[in-house]
């Protein structure tokens, strides 16, 4: 097997007496989609926070492209190649769709970072931003104020901003949430093609999408990874069945 | 609704027309009043960069205004008494030259803003408001008891400082200088807003975590905005001191910080011309209401309340029908 | 729109009102904290104009809100727009320092009805600047002199930490011959003096001198009276003036303070002033009102003697000070500050009203310490 | 410097701190429950003092004066809440700052309009005036001891109110989850008015109590207001316990700083300059304290949220 792009080793995080993640070790290899599933409260959000850098880990190590990024801040991890999307959209709501993707393009392109240059005139930047919008199919709405977007459009925009960064690994927090059947299907198709660009660590509730997309699945319950394997392995796992049947009944 | 561009043009035209009229009608005092409005507007343009673009509700911007003022006061004082300023081994000659004074004022304010920003930006929300207020009080009490430069009495500079090839004592010429400074600051803000920095700062105000996940440090963006903001307000302080030929600790007072915020809110937060419109209205009100009644503060209070409660987005918001950025 | 007041007592009788020959700009504090002092100066000044019955003096009155920058702006307005000949009215030293040097440099006359900061009496004196009230140190010097005659030998002295406060303590020490037990600077605007009073109790002093104008003095006196410390207190008149005495109440009774004026100074001008002021405004006049009144009378005497357009003649007329002051004889020293007698007064209760009574003379024909530095 | 003097100064610091607590408690309560920054809190302090002075002048009774102060400040608070403040709960801090700044202007000049420009008279009741002798021979004003006692009583009362009563439980629920208490059928509008009135009454009480030993004048509220803000920022905004600790810290720092800093500077500077420098530094001491606390703990000593 090739070197993992992203890997965690024994991540721990507790809030007071509550252990949110307990010795989590997962990895993400080139070209794959690795899905993390688990019931509510299993620690998925905490794990995302730890990997992206918004939460400090109590113990454990995170590697990105072989580099130890455990002590780096969010911004540094992003510069190292981690592209994250949010479950609850974190977009500049007062700005246009285009301005939101432009931000990603500006941040990703070294050299464009000049104080006084009117950014809208930098062709390389605007093209990069437009390409990202094109790819998620949101170019038609480029001048719409973000606050006026539908829920689904915001999810698309989240992905588009991550695309502008041309990351080495994607970290996606429930991109399908609230999309509806058609939206889900479109995004599934899109992510399917995206994995060849960079692998995706996908936290998702939508089981249809997960089973359609994932090369591997890890199941997180009470902060622990109780199983990791292919779709078939997970379907067949008794431990997973037990954890889920109790939960989804 | 009226496009913002049209409003901006009208404001500049108005700022030019009023003093021209005053010159024709020999209403010299109107020129002085306009100068006051222009300088206050400049200070508020500075604050607007921190507040409107960066979302930093600084309740201590009087610090920079005061530092600018004292930069002028101290340099001119040493020039007027022909006693150089002794700073340990360093001996600095006083000066009456405006460009030098402006440079010192801007740099000193920027450095102070850097220090205050580094400390204050660790906090957000109400804490940020309060810690900036506390810095203001710190400087206020310091200057009150700083007897070397007049303490609470302040410093009088008998003759206005000079600018090459101009007679700054002629009101219209001094107004021209202040007006030029204001236009430069507005130009700077406009460039900033359309720059990569402005884009990122604007996003950092609304959603810092997004800015982080694209690989930028929102704290550094805000710090830079705070420093630029402080520098501009400092320059305004130096001009204000020259307008009055006087500096005193009241330039550091928390009421002044409050007034700068008021100017911005009256005009429209984050709008390019917001501070200018706000300052024009404020100075007019001050004079017109002050002439009507000794109790004009009551009416000023009522007007402010109405603006906050019913006029979201200030005058520009009202005219354009668009809400401005939220802070 | 402006609070312009035309002295019109006689104007109504004339067919065509004469154009005002002298235009006076009064910048004083009429709103916010400290407005009481400005209102008294204004009322005293306008009373004198009214009593004179003249219609050739026009007074433009503006409120400085006790802010130096507003005061400067108003001074610009008075000079540039109103084109006044004479300015007056400022209460506070810091505002005076902001306004006076620039207006006198522009050839206008300035008559100070209250503030007398030391720079304007010494090196920064100006031929067009006349102070009708006192040099700031005067009343403190008188307090020191009174302390000598009262036999005090060890004083605890305190004042706020700002220039006028430093001047006050310096002034007291200049004349006081005894020992200074301790010298304390309080915070400007401080309202609680428990800590200082405890220091006084522990200091072993035999007397207390304080300069705490306005609300600070009220707070201090009330707390001092309640503390059980019973050392005698001396202070300048500012904390015992008619306006605030009622707010101090019993706590002030018996305290000796120094003043160049009191309502019981026995001369016809003063009697007429006290009576006229009460009739006009329905309250007892204050020290500040008397200073406003004297300032106006000085101006009137000069207007009678010379034309204001002839600056040299007008200045001479002012310098002659040929008018009847509420304080009796009045004369200017070489730096255009008064040479005058300063009295020791005691706070008494007349019926329901607290007021002052003269108990002696603290300093006779007193000038100030800065006159020698003044080169005119 | 004798031990007696130091004990006396500590008492002074405590008394000042406890009066600050009365102001800070209302501020922090209002911020904790409604999320509102109320700059006009100092005006309510002034309203209390003026009401007390006026009633004391008319009736001669200090108790009636205190009652009047409580009633007037609570009424003014409730009125302002219903007319203005209510519209600001959802607004940005910036709007709150501005609107309550406007209220200061209206209150201050309005009071001056009604009562004139000169300070009013309010005195300590006879039965509480004069000093008492404490163990160790310390002479201390009785009234100040009463102030300390009254302040502690109010603090205990507040603690009881917020932890042991129905209203208190609602208030604390409101701090945690606004939707929840609305869902429970509690009239949140009335609860907010009540909380605001309680905070205002505390400020009014402080104004009346302090007014008896200070000057009752327009603008008396703002210096106290700024210190009260320092207190709640140090203590942690929203925490009553924090306000209490913070108030004592600020009270002691301010009082003891004023005494000891000049003495300290006399060790290595010449007399007059030392006193001046020391006093200047003392005036800045509480702000420096606040700066350090915030650098150490950005949300204050007992603050939970930033």
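Here the chain labels run A, B, C and D in written order, and each chain numbers its own residues starting at 1.
Here, a residue touches a chain if its C-beta (ideal position, glycine included) is under 8 Å from a C-beta of that chain, and two chains touch if they have at least 3 such contacts.
All of these numbers come straight from a predicted model, not from anything done at the bench.
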Any chain that touches chain C and chain B: D
Most central chain, judged by mean C-alpha position against the global CA mean: B
Greatest separation from chain C - chain, by CA centre: A
Intercentroid distance (Cα basis), chain D paired with chain C, Å: 35
Whole-Å gap between the CA centroids of chain A and chain C: 75
Distance from the mean Cα position of chain D to that of chain B, given in whole angstrom: 32
Distance between chain centroids, defined by C-alpha means - chain A, chain D (Å): 49
Chain D residues counted as touching two or more neighbouring chains: 108-109, 112, 276, 279-280, 283
Shared-contact residues (touching 2 or more other chains) in chain C: 31-32, 35, 161, 166, 185, 187
Two or more partner chains touched - positions in chain A: none
All chain pairs that touch each other: A-B, B-C, B-D, C-D
Residues on chain C engaged by chain D in the complex (per definition of touch): 31-36, 39, 161, 166, 183-187, 189, 191-192, 194-196, 198-199, 201-202, 214-219, 222-223, 226-228, 243-244, 246-251
Complex contact set, residues of chain D against chain B: 31, 37, 84, 87-88, 91-95, 97-99, 101-106, 108-110, 112-113, 226, 229-230, 233, 237, 276-277, 279-280, 283-284, 287-288, 290-291, 294-295, 298-300, 306
Interface residues, chain B side, partner chain C - complex: 27-30, 32-33, 36, 141, 144-145, 147, 150-154, 156, 158-159, 171, 240, 243-246, 248, 250-251, 288, 290-292, 294-297
Residue ranges of chain C touching chain B (in the complex, touch as defined): 1-3, 30-32, 35, 62-63, 67-69, 72-73, 76-77, 80-81, 93-94, 97-98, 101-102, 105, 117, 161-164, 166, 185, 187-188
Residues of chain B defined as touching chain A within the complex: 191-192, 194-200, 202-203, 206-207, 209-217, 325-326
